[in-house]
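Before any comments, here is the structure.
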Amino acid sequence: MEILKVEGVNKSFGGLKALNNVNFSVEEGTVQAIIGPNGAGKSTFLNCMIGRLAPDTGTVMFGDISLTGLKPHEINQVGVSRVFQTPEIFGDLTLLENIMIPALAKRDGEFALHAFARVDQDAEIRDKATHMLEDVGLAEKKDTIAGSLSRGDKRRLELAMCLSQDPKLLLLDEPTAGMSRADTNNTIDLLKRIGDRGITKVVIEHDMHVVFSLAEKVTVLAQGTIIAEGKPEDIKGDPRVQEAYLGGAHL
Amino acid sequence: MDAILLQILNGLDKGSAYALIALGLTLIFGTLGVVNFAHGALFMIGAFCAVTLSRILTLSFTTIDPERTDFLGNPLKVETPYVESWFGPEIGTAIIDWSVPLAILFSIPIMAMVGLVMERGLIKYFYKRPHADQILVTFGLAIVLQEIIKYFFGANPIPTPAPPAFSGSFDFGALIGFDPNLIIYPYWRIVYFLFAGVIIGAVFAFLQFTTFGMVVRAGMADRQTVGLLGIDIDKRFTVMFAIAAIVAGLAGVMYAPINSPNYHMGMDFLVLSFVVVVVGGMGSLPGAVLAGFLLGILESFASMAQVVALLPGINQIIIYLVAIIILLTRPRGLMGRKGVMEN
Amino acid sequence: MFGLDKKDTSLFFLVVVLVALAPFLLNPFPENSELAQFNAGYPDLMQRFLIFGIFAIGFNILFGLTGYLSFGHAAFLGVGSYAGVWMMKLLTMNVIPAIFMSVVFAGLFSLLVGYISLRRSGIYFSILTLAFAQMSFSLAYSVLTPITAGETGLQLALDDPRIIGVSAVDGSIPAANLFGLPMRESFELAMGGWLFTFNAGYYLCAVVMLAAFYVAIRIFRSPFGMMLRAVKSNQQRMNFTGVNSKPYTLAAFVISGMYAGLAGGLMVAMDPLAGAERMQWTASGEVVLMTILGGAGTLIGPVLGAGFIKYFENIFSKINDNVLYEWFSALPDGLADVLVFVIHPFIGKGWHLTLGIMFMLIVIFLPGGIMEGIERLGRLFSRKKKSETPSRAAPAPAE
């Protein structure tokens, strides 16, 4: 079953056509990667899917819900979570609080005036957050202020924040950008592990190593258009892809 | 028609003051990224430069005129200002009469010093602090500056007249073909408006046509990149702060005859100038000037008897009302750029 | 206890004890001693401590938790005051309905202002709140004179209708009371050279303030409070986490507006009049100062800040040159003159200068306010203790 279906999406910035009639779909329970050279429109595409940008034309359907025109928090509430290229976390709060917030948002909805409950006595949310932290290996740091973490840890924290919501679809924007090889491999392992939970994932990635270790299907975007789609091994050998990546440069 | 014209004219002088203060605020915000709540205090200090100079010029020594007596029959004490004894009574009196325009020269070095000391001594430590901290520390500074002025000059407004040559009004209506006495406008207000125009023009020309100005404009657009080019942008920004202080100070000097300086005039103008800056769009120099004149004129329209009869109280709130409407319909003000001051 | 954890319970009880015993604690100097002028234990000042404490606690719920800096909160205090006086004019001199309506009206007004202002953030939000407050201030002085009595301020009159109750008692306006207990009623206790005053109005303020403080603690520790802190930390992440931050900030805004109204209502209960100057932006600035000075985002900081400012305002503005000369009477004349000359600008009417300087110093060196200062001192002492232990142990082997 298709969990996400993007049809005929166009987006221009002034005279620049960032996305040109993009059609794209994701099967439930799979891991799909979007790759492409710099400036191919990957981030624009992602932003159109999650309501940060409104596409000029076209539809983005999540199951039978149209995501176009929804606000970011509404898109999250229907089950789409997102990991950002630079980790977006609550830098002034502790790790545990960082995870309790998305967990609360999942349980209580977009707004709940629980001004007289005790957050530290909410066992359900606390346990969930602690488990999540254990899952990503940050349990011993649960009372540290998140802003003081290393970049790799911040990324893991952000991932845990998204996972605590049990999303139906997880969008990852270059989850290993700026990481060391060791950290990258840890992240790949982590992402593989959470793959067991049956969460559908869309990964935007630069690093071919990551793409080929994770993805079951790869979509190649160049200059705002999809130029190839298929299994990783097929994509590897596709001359159009090599052309797009090397840009016809004479090496 | 004549009524409308009169209101436009009436709005010009206040609008000029708003525009000048807002221009300085925007310069500081655009270059240094600092929200300066003490900018109104600079305007006030300028006005008190005029007061101070007129006091210095009227410093007098006392002589006893044995040939005349006062009403008690004692020999008459005559106060003669030093300037009159040095330059002779005629030139001396003229100098005293012209103390406000002379204060322009007097205030430039003072305002430059105040600006430099403020920037080097306080503001530069706040470049990297949150905007809220900048607002708070400059707010504290504004209180301190106004209290210092109050300590030395007292709490009452100090009348500071314009030179007698400009003390009258002139019949602007008659000049352009209306009936006489319909559009009467004080000379000094025209002077103020023209003065403001010159200053604004000078600032824009400076930014547009000098290398220094070009670097500053580039820095306003993208500070980091300019820094990477090996240009010491900080030093230039310090100078810009001093220039902004001078602009505010001059606006204050020349405003002294229109509104007798008092210690809280800075705060009064600051609140409105901030509204002006925000309406114009944070960081946009033309926006600041445009919004300054626009709001000044609107304010004067709203105080027309007919308008007040129709909408009681509108004259008191028009600026705020317009600010609210503009901010809600054009989130970044009239000419603001995206992403400025939104966190 | 009371649904608070151990640390909060002890903090709350500490505040209860301090507030209850304030008439003793704030009057440490005997009545006839020279130092009696530093006493703060008289009803009027103690009431102000608590009332501004409530105002600052409420402001802190907005500014301290969400980071939205409002420059217009005095407007809500003003609206509350007017509503309170009108209740006393129209209904009864019992203070309960007056305080209740103050909160309701301030809440409604803050809902309106907040709903519009919160469409923007950052300095735009600050300017919007400032614009609303200045508008209310100007209107209270001009068009709304029938409701606000303009420059004279809204006062009780002998011919007020007062549905429950009487217009006048023995030809004068009846006193504000709590079910018959006049707010002005005081019990004086003379012990040795000391005179302690226990005032009914003060203890009403105390009960209300403690309740307000308790509610604030609960909000701070609730999921709602955590969400507000998250808004301050990263609003973008908040939205992508499925949280609609707007109702959260609006709720915080309205709650803090109601606190301001509560403070305004109490002011009226203590002294039944209301004036537009309470709404001026300088009054809004004052509550910002209190909150920052005490420590924004901390529980008790704003209360300390409010007490600090109100105390020094009161003391500093009372000191004049004569008082200074008395202090320095032991010093040689010349030196005393110099000292008085130097100190003179900062006292009496110069109190605002002192306040401005103090405020700048706090923002520059102690952005966390008094609370950060206390914390640093605490750390300093605990470090000393630690370093003392090994140094004591070191000489032992030599014996």
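A, B and C label the chains in the order they appear, each numbered from 1.
The definition used in the following text is that contacts are C-beta pairs under 8 Å (C-beta built on N, C-alpha and C of every residue); 3 or more make two chains touch, one makes a residue touch a chain.
Computed from a prediction, not measured in an experiment: that's the story for all the values here.
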*Quickly list, by label, the chains bordering both chain A and chain B.*
C
*Which one of the chains is closest to the middle, using the mean of its C-alpha atoms?*
C
*Sort the other chains by how far their Cα centres are from that of chain B and give me the top one.*
A
*In whole angstrom, how far does the Cα centroid of chain A sit from the Cα centroid of chain B?*
52
*chain A-chain C separation of Cα centroids, rounded to whole Å*: 46
*Whole-Å distance, chain B centre to chain C centre, using C-alpha means?*
35
*Would you pick out the residues of chain A that each touch at least 2 other chains?*
none
*List of chain A residues in touch with chain C within their complex*: 50, 71-73, 76-77, 81-82, 84, 88-93, 97, 100-102, 104-106, 108-120, 122, 125, 161, 165
*Across the complex, what residues on chain C touch chain B?*
67, 69, 116, 119-124, 126-128, 130-132, 134-135, 138-139, 141-144, 281-282, 285, 288, 292, 345, 350, 352-353, 355-357, 359-360, 363-364, 367
*In their complex, what parts of chain C are in touch with chain A?*
3, 5, 218-219, 221-227, 229-230, 232-234, 236-245, 247-248, 251, 255
*If you look only at chain B, which of its residues touch chain C in the complex?*
35, 122, 125, 129, 131-133, 135-137, 139-144, 147-148, 151, 267, 271, 274-275, 278, 282, 312-313, 316-317, 320-321, 323-324, 327-328, 331, 341-343
